[in-house]
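Here you go, one structure.
Should a chain be cited, it is by its letter among A, B, C and D, assigned in written order, with residues numbered from 1 in that chain.
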Amino acid sequence: MKKVLVTAFEPFEGETLNPSWEAVRALDGKAIGGARIVTRQLPVVFSDVLGVLYRAMDEIHPDLILSVGQAGGRSDITVERIGINVDDARIADNAGQQPVDEPIVAGGPAGYFSTLPIKAIVAALRAAGIPASVSQTAGTFTCNRVMYGLLHRLHTEGNRVRGGFIHIPYLPEQAVQHPGAPSMARDNVIQALEIAIRVALETETDVKVAGGATH
Amino acid sequence: MKKVLVTAFEPFEGETLNPSWEAVRALDGKAIGGARIVTRQLPVVFSDVLGVLYRAMDEIHPDLILSVGQAGGRSDITVERIGINVDDARIADNAGQQPVDEPIVAGGPAGYFSTLPIKAIVAALRAAGIPASVSQTAGTFTCNRVMYGLLHRLHTEGNRVRGGFIHIPYLPEQAVQHPGAPSMARDNVIQALEIAIRVALETETDVKVAGGATH
Amino acid sequence: MKKVLVTAFEPFEGETLNPSWEAVRALDGKAIGGARIVTRQLPVVFSDVLGVLYRAMDEIHPDLILSVGQAGGRSDITVERIGINVDDARIADNAGQQPVDEPIVAGGPAGYFSTLPIKAIVAALRAAGIPASVSQTAGTFTCNRVMYGLLHRLHTEGNRVRGGFIHIPYLPEQAVQHPGAPSMARDNVIQALEIAIRVALETETDVKVAGGATH
Amino acid sequence: MKKVLVTAFEPFEGETLNPSWEAVRALDGKAIGGARIVTRQLPVVFSDVLGVLYRAMDEIHPDLILSVGQAGGRSDITVERIGINVDDARIADNAGQQPVDEPIVAGGPAGYFSTLPIKAIVAALRAAGIPASVSQTAGTFTCNRVMYGLLHRLHTEGNRVRGGFIHIPYLPEQAVQHPGAPSMARDNVIQALEIAIRVALETETDVKVAGGATH
């Protein structure tokens, strides 16, 4: 049976929960699209996060990898297009680290495009009534670090395994503390991740539908 | 047994559903806080909407009235503070009417404050993990017309019955068509309305907690 | 020669300047539309602000009164439609006062509509290339207090003198400290106020063009 | 005397002007930081834009290249960090072309980082009272195409010449047609570009100050 590694993050920036983990842990052990879901929580610590990810990959030997993170302030499920080779922390991470303009991989390429079918995922989510879009930036914090570090390793290994990153909004109970911030119910996020995984497993070549931004 | 009249609207502005009705119709016939819920759908037609509301009031003789409407673009449950004496339609209503700067009640006061405990409702919603806030404007479309028209009649009748208005976000399936727009799951909205009704029935005097805006 | 009293506010909420005063003080002594401009700065103090305003009115006997305030976060010139009879302070004022749900005038009506030609002002600003719109709420802080208190006194005196309120965005140098916040150049704000005063002096009956909000 | 090539775009998406050209053409022939400014307008046409840019570079042999484009909806001057190797057009360009998920340079790297001192530019703009920030995405339209295509050529030529991209908000007269959209006065934009050019000429090594995003 195929295995899908799905990662999420621990809470950060003063939150008591991280919606990515609240959703992802509900998938642990499930069978989706004929594959078994294995989940891992990653630390929001620049120096540690890729080590934890890589050890999970070594241990699980997944056929597909989806990393999920919180994007407080975004209103929909955003499927990331690219991870870029820079850490630039607006805030300190959970270990007090705040790298500025440091490459994630010294000498590495400026970016890696997601190898997930991002347009097919967005289309399937919308068809299911879940607001979703392509995002042109995963930021420059630990989420981007995971996306770049994941794709760098998969590239180094010949891209036989596909991987990518999805950002999700706050949960409603978080948004209570952020007046005006949008949110998405946990059940909708879980359903979205299930759809994304199924589409990623089933879609060899991505569809060509517009998902860009003028800026 | 006490009766609570809860109104919502039909779809407008090209939508195929109105989230207010999708949530409110789920409450029909329920018992909340010892009261029976009776629901009505109102037309998004300036010339008709208050007639339909007033006939429902004549027929049902409710002990409390809560009107609910869609606020596409808002991210949380917003409990309205005031209805104002003006129709000023940014778009045509469902009958093609588009009044501009017409009073709702000729010679009526400029506004009526909600007689619901708006601060207690917001506090209870937040305590339940549902994003909510006080809104200082219900707009100048049919929602505001219903709020002003409702409060005008209740005032005329001596304010023995309390009433007010709550705006709710798009449903997720609507937000799919409005890129970037926030949304709220139907279950959360239903839960929010149940809480609002219970608090309104149980709270004689509103709590004094800040809920204002600097502008 | 006619006189126009134009008021603005001192800085508040940690700002070192208030854009309303930065713009308004540039108008002092000018002749606009055949009238002389007299300016006054008002304190951001609930207990004092109306006293300062009323004394200025007693002293100057203006033929028109325009009050101007900062609306940090708004992107355009907003001409306020209504002032409402409530103080509800989200933050403490400059004297540490933070009233919650207190009437401005005990027993006063819920609101007063601006007696300025708000639609004609918005139309003239747009025609001049300045972003502008009608606002349906002036908030519940000292700006709204001034608007309500001004219109209450003018109403009490028979509405022979017209008055109203305009909110303006941050200046660019303020927005530097508020990442993502829009701003407007001081010259544009000054031009906008000059246009608003001229239109207010020249327009007997407001134009009927849509300027409402669905919520 | 050193030469700086500054490019801007023609109007697109139904606009009658492009704020980038309105600002840039004011710089033509000026001396800034000891260098002569040469300006060029670029077409908003995918198939043509890089050809026009490259011919200008062949003709002018600039020592520095700054490309400027309109970012309608952004409120501040945004200095772009990276151009990515994809065209994904949300709307058709001025020739009706709408490429979707096409590489700009087949086989090229996923991205190129700006070789301008982006942090020093943002710091200098803020110090001058002009709202500015680093942007993590230049979109996937002709602006990004110019940024990627420019940096690809400069890289191919050994990066002896530095280049990058700056996005600017709507002008106020444009924002009149986009209710709620922020804008920036032309004079402020011109001043911002002069500062950016001077800083780019004078700054060998960029400063290390946080300018990242959590997502």
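By definition in this document, a contact is a pair of C-beta atoms (placed from the backbone, for glycine too) under 8 Å apart; a residue touches a chain by one contact, two chains touch by 3 or more.
Each chain and its UniProt protein: A, B, C, D = Pyrrolidone-carboxylate peptidase.
Bear in mind the structure is a predicted one, so any value in this text is a computation, not a measurement.
**Student:** So if I look at the partners of subunit B and the partners of subunit C, which chains show up in both lists?
**Tutor:** none
**Student:** Starting at subunit B, how many touching-chain steps does it take at least to reach subunit D?
**Tutor:** The fewest touching-chain steps linking subunit B to subunit D number 2.
**Student:** So which chain is the furthest away from subunit B, centre to centre on CA atoms?
**Tutor:** So the chain farthest away from subunit B turns out to be D.
**Student:** For subunit C and subunit D, let me know how many angstrom lie between their CA-based centres, rounded off.
**Tutor:** About 38 Å, centre to centre.
**Student:** I'd like the Å distance between the centres of subunit A and subunit C, where a centre is the mean of that chain's Cα atoms.
**Tutor:** Here the centre of subunit C sits 47 Å away from the centre of subunit A.
**Student:** On a C-alpha centroid basis, what's the spacing between subunit A and subunit D, in Å?
**Tutor:** So the centre of subunit A lies 29 Å away from the centre of subunit D.
**Student:** For subunit B, jot down the residues that touch at least 2 other chains.
**Tutor:** Where subunit B is concerned, no single residue meets two or more other chains.
**Student:** Make each chain a node and each touching pair an edge, then name the shape: line, ring, star, complete, other.
**Tutor:** ring
**Student:** Which part of subunit B faces subunit A closely enough to touch in the complex?
**Tutor:** Contacts found on subunit B: 75-76, 126, 129-133, 172-173, 175-176, 179-185, 187-188.
**Student:** Please name which positions on subunit B make contact with subunit C in the complex.
**Tutor:** Interface residues on subunit B, with respect to subunit C: 13, 69-74, 81-82, 84, 86-91, 98, 100-101, 109-113, 119, 134, 136-141, 143, 167, 206, 208-215.
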